[in-house]
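Read the structure below first, then the notes.
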Amino acid sequence: MVIAQILVNGIISGLAYALFALGFGLAYNTTRIFNFAHGAVYTLAAYSFYTSYVTCGWHILPAAVLSLGIAAAAGIAMDEIVYRPLIERNASLLIPLLSSLGLYTVIVNVIAAIYGNENKTLSPGLQPAYTFGPIILTRIQITIAVVFVFLFSTLLLLLKRTNLGKVIRAMRDDPELLSAMGVSQHRVRLIAFGIGSGFSAFAAILLGLDVGIDPNIGMAALLSGAVAVIIGGVGVFEGAALGALTLGILQSLITWRFSSRWTEAIAFVVLIVFLVFRPEGIAGQRRRVDEIAP
Amino acid sequence: MTILELDNVTKSFDGVCAVNDVSLGFESGKITCLIGPNGAGKTTLFNLITGFLRPQNGTIRYRGQDITNLSPWRIAAIGIGRLFQDVHIFRRLSAIDNVLTAFKDQAAENALLAVLTPWRTIKAERAVHEQGQALLAAVGLTGMGHTLAEDLSYGQQKLLSLARLLALNADVLLLDEPTAGVSPARVKELLDLIRQLATSGKTIVVIEHNMNVVFELADWVFFLDQGQVALFGNATDVLGDPDVRATYLGKQEW
Amino acid sequence: MNYLFHILIIICIYSILALSLNLLVGYTGLLSLCQAAFYGIGAYASVLLMTAAGLSFPLAVLLAMVTTAIISLAISVPSLRLKGDYFVLASLGFQMISFAVLRNWVTVTNGPYGISGIPRPSLLGFEIDGLGSYFIFSGVIALVCALLIYLLTASPFGRVLKAIREDEIATMALGKSTFRFKITAFAIAAAFAAVAGSLFAGYMRFIDPTSFTLTESTFVLTIIIVGGAGNVAGPLLGTVLLIAFPEALRFLPMPDAVAGNVRQIIYGALIVLMLRYRPRGLWGEYEFE
């Protein structure tokens, strides 16, 4: 049944984007900055993986670990060097957003200048595939699903059961409480950025192995991430995953029914629809200007 | 005549009841003061009246018209003006521009007219400019017209926001702590101004923590506590009430 | 000489874009990432009106302005009530949707192949052919646009926009429907972007979707950030700087594709550096905050 295959493909790509969305959502909830540069970290991770795995012929595991490290380091560096001084200056949240757009442009264009604009495959040749009744799954698709389940549960456990998790959630809901608790907000930001970038890297590597990479994948991931976070509810971590899954399935169906040319546009229509019509977010996020009582 | 009425208005946030089944009315030509401890719901009442918050229950009527669910700009446009506790001036505009923004019925606020009739606009601007300067003078900010609002002292910004409110020419004036931050020398003039406004027929509602001001100004006083009207009467009665003195006044300037 | 005229014409076109975005960003305080979408919609609209409907250039541009302004309502009405960063996202979404439509609605726009053979505009029977004439033509149009925008910003309408930028709540409390003002400003900015698009189409005689991307929107924003916002000088001088300066890059030895990337790297870096160290831009009046 073709539809089953379509759905499964959609779910798998949704899961990969969900990884990104979780990381993105974590950083967004903690820092309240819509961070375009998260997409740059994604691209950076993909290309460092490409360089170590394909160009230098490393084994897949150390290549992945290296990319993770680079991604985390880049994410943290960007926060330290670019965003924190802005926050300290008491700037509104639009300034870091704009700066992140600038950062994204710089990083992605450096990569494009070095590697060129064409799509590069990370796993040459045909992927080993396994049949499950009417559905065929490649090895990489199965890996995506497995990695997702593992990371998702780990993140959930971290957030709900550990002290670190409590602290991160407090940062989202009530940052002043943290200082009262004697925890440095700075530390929490770093950790959130680090984990967020790490998740980005995972998503980048997995999706890269599946469909290849090019300098623009960051924006696609970013926008899927944003849509996912908004659909799932700003402030709800698990919501991001749910949102990404929904988006993945939706895009798969659109591709099948119409053509892949419209998938990105559809994602944006969904984004706008949710921005406009979704009632006040889960955490009571007031999004309309005239709902702020002076 | 009762111009503004609230009937059984209730507003809660996340389970906390900020305004609890409140009914009150404000008369034209009179000054009514709202007093009470912090968190008693006074500013919330202002937010409800001006449309920035919607009550869960109850109605708010202005001149008989139900305004409970109108948007804030429309409520201001029909005649209910407000002085904010956090001044909310236009910081990077000059003082005179702050005031000029408030004047009603400026034809060139319509983009098409602004572009098509520049000469008429210049004339209208001159007229409105004079009125604006007069208002600045009325609050004691003569000559400060071209100073950027952010360069004024807090007290001056307070006065500027009052001048801006006057330019609106609203019938109902909701003043949230108008004397806070204003220098003692200026306070007397401010009070005179407020009294004049009442005499000219406007409905004035004042939230104040300074009991001297309340005693000076108030025709009526509502004492609010925990979202409810605990006491109502004239200034002497309310401020002299033993319960009020015990729970609240002991901590106030008096 | 022709090269110089080329640069000047491009400066005229982009100065209109910059001034129109400035109306939104510098005066009303609205950060929008979809100005290039209106640039593109305006370009395609005027071209189609001229070729398919046979309208003259002035009439086509006028109608393109109206069309683009009306289309702007499709995004402004739903999203202008949203808070700052959500509105930016919505504008980003609109930018991407517009690009997708321009690229995929092949029957109307010819998709990625673009529309070629666009006629030079003709006024009163005279075709504006040479580069020198086109420069004068676009220069005059740019001046007229600048004048109109100046009239708007110096008027009570402009004053309310600035008030909205400073404190939207207080502006509402003065009886102004800030929503209506924002929608109007957005539509006006879109209309002027359409003028720039029409000029661009008439100059290049060929348009395709790649001229109207998010990168382009970001570029116009960079002009505002570098040149400055909130007055007329900032966007104008910013345009001159950001158009003329990268031309110098042309004379550096590097392959064309990489040159494009280097240009973007400079723009991106400028955004980050200016916002950090000089949020008012070089000649602006309004500090990004």
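To keep things simple, chains are lettered A, B and C as they appear, and every chain counts its residues starting from 1.
The rule is simple: a residue touches a chain if its C-beta (ideal position, glycine included) is under 8 Å from a C-beta of that chain, and two chains touch if they have at least 3 such contacts.
This structure is a prediction, so every number in the text was calculated from the model and none was measured.
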item: Least step count from subunit A to subunit C, where 1 means the two chains touch; value: 1
item: Chain pair whose interface holds the most contacting C-beta pairs; value: A-C
item: Far-end chain from subunit A, centres as C-alpha averages; value: B
item: Chain nearest the global centroid, as defined over all protein CA atoms shown; value: C
item: Computed distance of Cα centres, subunit C from subunit A, in Å; value: 31
item: Subunit B-subunit C separation of Cα centroids, rounded to whole Å; value: 41
item: Mean-CA-position distance for subunit B and subunit A (Å); value: 47
item: Where subunit B touches two or more other chains at once, by residue number; value: 52, 71-72, 84, 88
item: Residues of subunit A engaged with two or more neighbouring chains; value: 290, 292, 294
item: Overlap residues in subunit C, where contacts from two or more other chains coincide; value: 169, 172-173, 178
item: Of subunit A, residues touching subunit C in the complex; value: 34, 82, 85-86, 91-95, 97-99, 101-107, 109-110, 112-113, 116-117, 219, 223, 226, 230, 259, 261-262, 264-265, 268-269, 271-272, 275-276, 286-290, 292, 294
item: Complex interface listing, subunit C residues touching subunit B; value: 148, 151-152, 155-160, 162-163, 166-167, 169-178, 184-185, 188, 286
item: Subunit A partner contacts - residues on subunit B that touch it in the complex; value: 14, 44, 47, 52-53, 71-72, 84, 86, 88
item: Partner subunit B, residues of subunit A touching it in the complex; value: 284, 290, 292-294
item: Partner subunit C, residues of subunit B touching it in the complex; value: 50, 52, 71-74, 76-77, 81-82, 84, 88-93, 97, 100-102, 104, 106-111, 114-115, 118, 121, 124-125, 164, 168
